[in-house]
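Several structures are given next for inspection.
Next come two complexes, and both contain subunit A; in the first it sits with subunit B, in the second with subunit C.
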Partner chain A sequence: MEVVGGDYRVGVDSASRTAVFSGTLRLNGTDEYAPILQMLDDLLDTSQGSNCTWDLRELQFLNSSGINMLYQLVIKARRLGNINMHVVGSKDVAWQGKSLGNMSRFMPGLELTVD
Partner chain B sequence: MESPIQLTDEDRGRLQRLIGTLSGETTNAQEMRGAAEELAELSERLGQDIDDLSLMYSSVIEHSTGLENELSERNDQISLLIEKMRHFLSPQLYGRITGGTAETAAGNHQRRNLSVFFSDIVGFTELTDTVEPETLSQMLNSYLDEMAHICDRWGGTIDKFIGDAVMIFFGDEEQADPMQCAKDCVCMAVEMQSSLGALEEKWRSYGASHELRIRVGINSGYCTIGNFGSSTRVDYTIIGGNVNVASRLEHQCRPGGVLISGSTYAMIRELVDVQSMGMIQVKGVAHPVETYEVIGRRPEITAQTHTMLVERESGFDLKSIHFDTQATAPLEREAIRDSLQRALVRMSATESSE
Partner chain C sequence: MMASEIATVGDWQGEADSQGQLHIAIHDGWARRWSYAGRLADYVAAYFRADLELVGADQLADASAFLTYAVNEMVENAVKFGRGEEIELRARLLRDHLQVIVISRAEAETAHRYQQVVQELADGDPLMLLMERVERNAVEGPSAGSGLGLLSIMTDYGASLGWRFQHAQDTAVAISTMARLPINQVGKG
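Moving on to the complex of A and B:
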């Protein structure tokens, strides 16, 4: 399952419960993010009682609407209370250092790997 | 997906019910306790929502600020690069690139009626053997800098510098008037010739005693203009028989002169005095080319091309003049005579008013 645009791709592997992001995500507002949000929300639902991984290493750019969407999903994961969230980032991508670090503040149990 | 942080209709209903219960006159103590516990639980959840919202707000702002700062840094880098690039390009080409209208692909060409200028310094090759490289570099840069400034003033496009040679064309803009281009091109050439005395003085300050004289060739006609090169490296330049004619005229020109073709002369005959220099045959051009040396300027362009005399409100500066009965070309003589005459007129006017 995937959502692909001109310069981005978000794909979900149901077997490993992993979402892989790449490219430049600069969609306008919640309406344009809706298909991606829906796909990631479904992934959270199917990950209950297990682990869920977001691999953001190849996501070069994410705008404010995009990070807002990810933060909401992390809050939902915390509230569901039965998902082991694992977020993987890259220190070579400027925006990821701080913005991914803040995810742990929404969900203290979240496992964050930034290499 | 519904936002995890929101006050749902169910929450609103619960709140109204609890307010009704707590404010009801008939509510007993047990109902009061139950309502208070439910309200505490709802308040706890709403408090958590507010904490999440607050954290989300500050985190999104932090993310946005990071992006804005990075964007600003990148903009600064781009501005710096553009500023550096400006020095390697003609103002016209620079304007088109930064304005987004320049095509970068090789093969994008147009035919335009241009006036093409070539110049080179007489004896510059010999100079390279006798002058220290550092001095030579100073001399060449000061010369090219002055030529570029004059070119910019007249609106020419510097196609390229080839060592001491300069190639310029007029008519880069689509709406350019060929007659105005020819006039500007010749005026520029005359001004360049007139500016050499002051430059020669500068050369002497560098320790070089070489006489600075240039040859100039100008031709007007249709040329092919555009990007020429490979898929990885293109030059914005002009090609065609008329370009070759201008180059050949420059080679034929006597030191200190401006040699123009018949087609250029036809467009500026009211502005200059010329001397016919016969016909030349240029390889690749079917017909022989008429040539004329510019020997004088009519008042209309004389007033615009004074560089030996720089007038100020309180007086004037007369730049260094070197006159040689044999070597000084007619155009230089005319410029010297004109500058001196104007200087005298200016002085006389001052004295009579005192």
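Moving on to the complex of A and C:
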């Protein structure tokens, strides 16, 4: 499964329960993020009792609406209480060094790797 | 006509009336050109790159990240809350900080509500407000805006924000938003 736009791609590999993000995501609010949100929400549902990985290393930019979407999904994972969340980022991508750390505030058990 | 001031909120610096080093006026019709806000932000970051290179590598990365993120969020807000008219951007590198100002016009009622929102941001602890806002968004579900743009400019990038509200022509209110990032210009004499 994947959602592809002009300069971004978000793909989900169901077997490994991994979402891979790439490009630049600057969509306009909740409506435009809905297809991506739906796909990631489904991924969380199928990850219950197991692990779920978001690989953000190739995502060069994410606006605040997109950051909000990821935080909301992290809170959902916290509430479900039975998913091992793993978020992988890159310290070479500026926004990730700035904003990814907040994810652990919303889900203390979340494993965050920023290399 | 000189605009008369209604209020300033937060960390607004009075010298902002001087011309910016980079001054861009974006004409009406921006609601249809949402994605251009990001390209404009990339341009502003690229424009200041040469000057920032004198500052040092870590600060260059931080300052470029700030410009790319903050300009995009500030212009998106101006489009969202404005009434489809011109948006003005001024940015300049001063001795100890980078300053970005985005100016747009909104209907008086919208501007009044916006002023209440930013007063709350200015009065509170940004990180606490961000945490509360994200948890509230999770309870309330999708809404028009995440409310995170301005907060994350402060919490994630370490910038300060200020606002000025002025009467403009007819019933409109000119809203100026200023973001300032501290810069240590060790490389400059």
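By our rule, the second predicted complex is superposed on the first by the 115 of 115 C-alpha atoms of A that agree within 3 Å, B and C clash if a C-alpha of one lies under 4 Å from a C-alpha of the other, contacts with A are read in each partner's own complex, and residues count from 1 in each chain.
The working rule: a contact is a pair of C-beta atoms (placed from the backbone, for glycine too) under 8 Å apart; a residue touches a chain by one contact, two chains touch by 3 or more.
Predicted, not measured: the structure shown is a model, and the values here were computed from it.
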{"item": "Touching partner for A:38 - first (subunit B), second (subunit C), both, neither", "value": "first"}
{"item": "Subunit B versus subunit C as contact partner of A:109, first or second or both or neither", "value": "neither"}
{"item": "Subunit B versus subunit C as contact partner of A:99, first or second or both or neither", "value": "both"}
{"item": "Touched partner set for A:64, first subunit B, second subunit C, both or neither", "value": "both"}
{"item": "Partner chain in contact with A:24 - subunit B first, subunit C second, else both or neither", "value": "second"}
{"item": "Subunit A residues contacted in one complex by subunit B, in the other by subunit C", "value": "61, 63-64, 67-68, 71-72, 75-76, 94-95, 98-99, 102, 105-106"}
{"item": "Touching residues (chain side subunit A, partner subunit B) in the complex", "value": "37-38, 41, 61-64, 67-68, 71-73, 75-76, 79, 94-95, 98-99, 102, 105-106"}
{"item": "Subunit A residues within the subunit C interface of the complex", "value": "6, 24, 26, 28-30, 61, 63-65, 67-68, 71-72, 75-76, 94-95, 97-99, 102, 105-106"}
{"item": "Subunit A-facing residues of subunit B, complex", "value": "1, 3-5, 52, 55-56, 59-60, 62-64, 66-67, 70"}
{"item": "Footprint of subunit A on subunit C - complex, ascending", "value": "34-35, 37-38, 61-62, 64-65, 68-69, 72-73, 76, 130-131, 134-135, 137-138, 142-146, 148-149, 152, 155-157"}
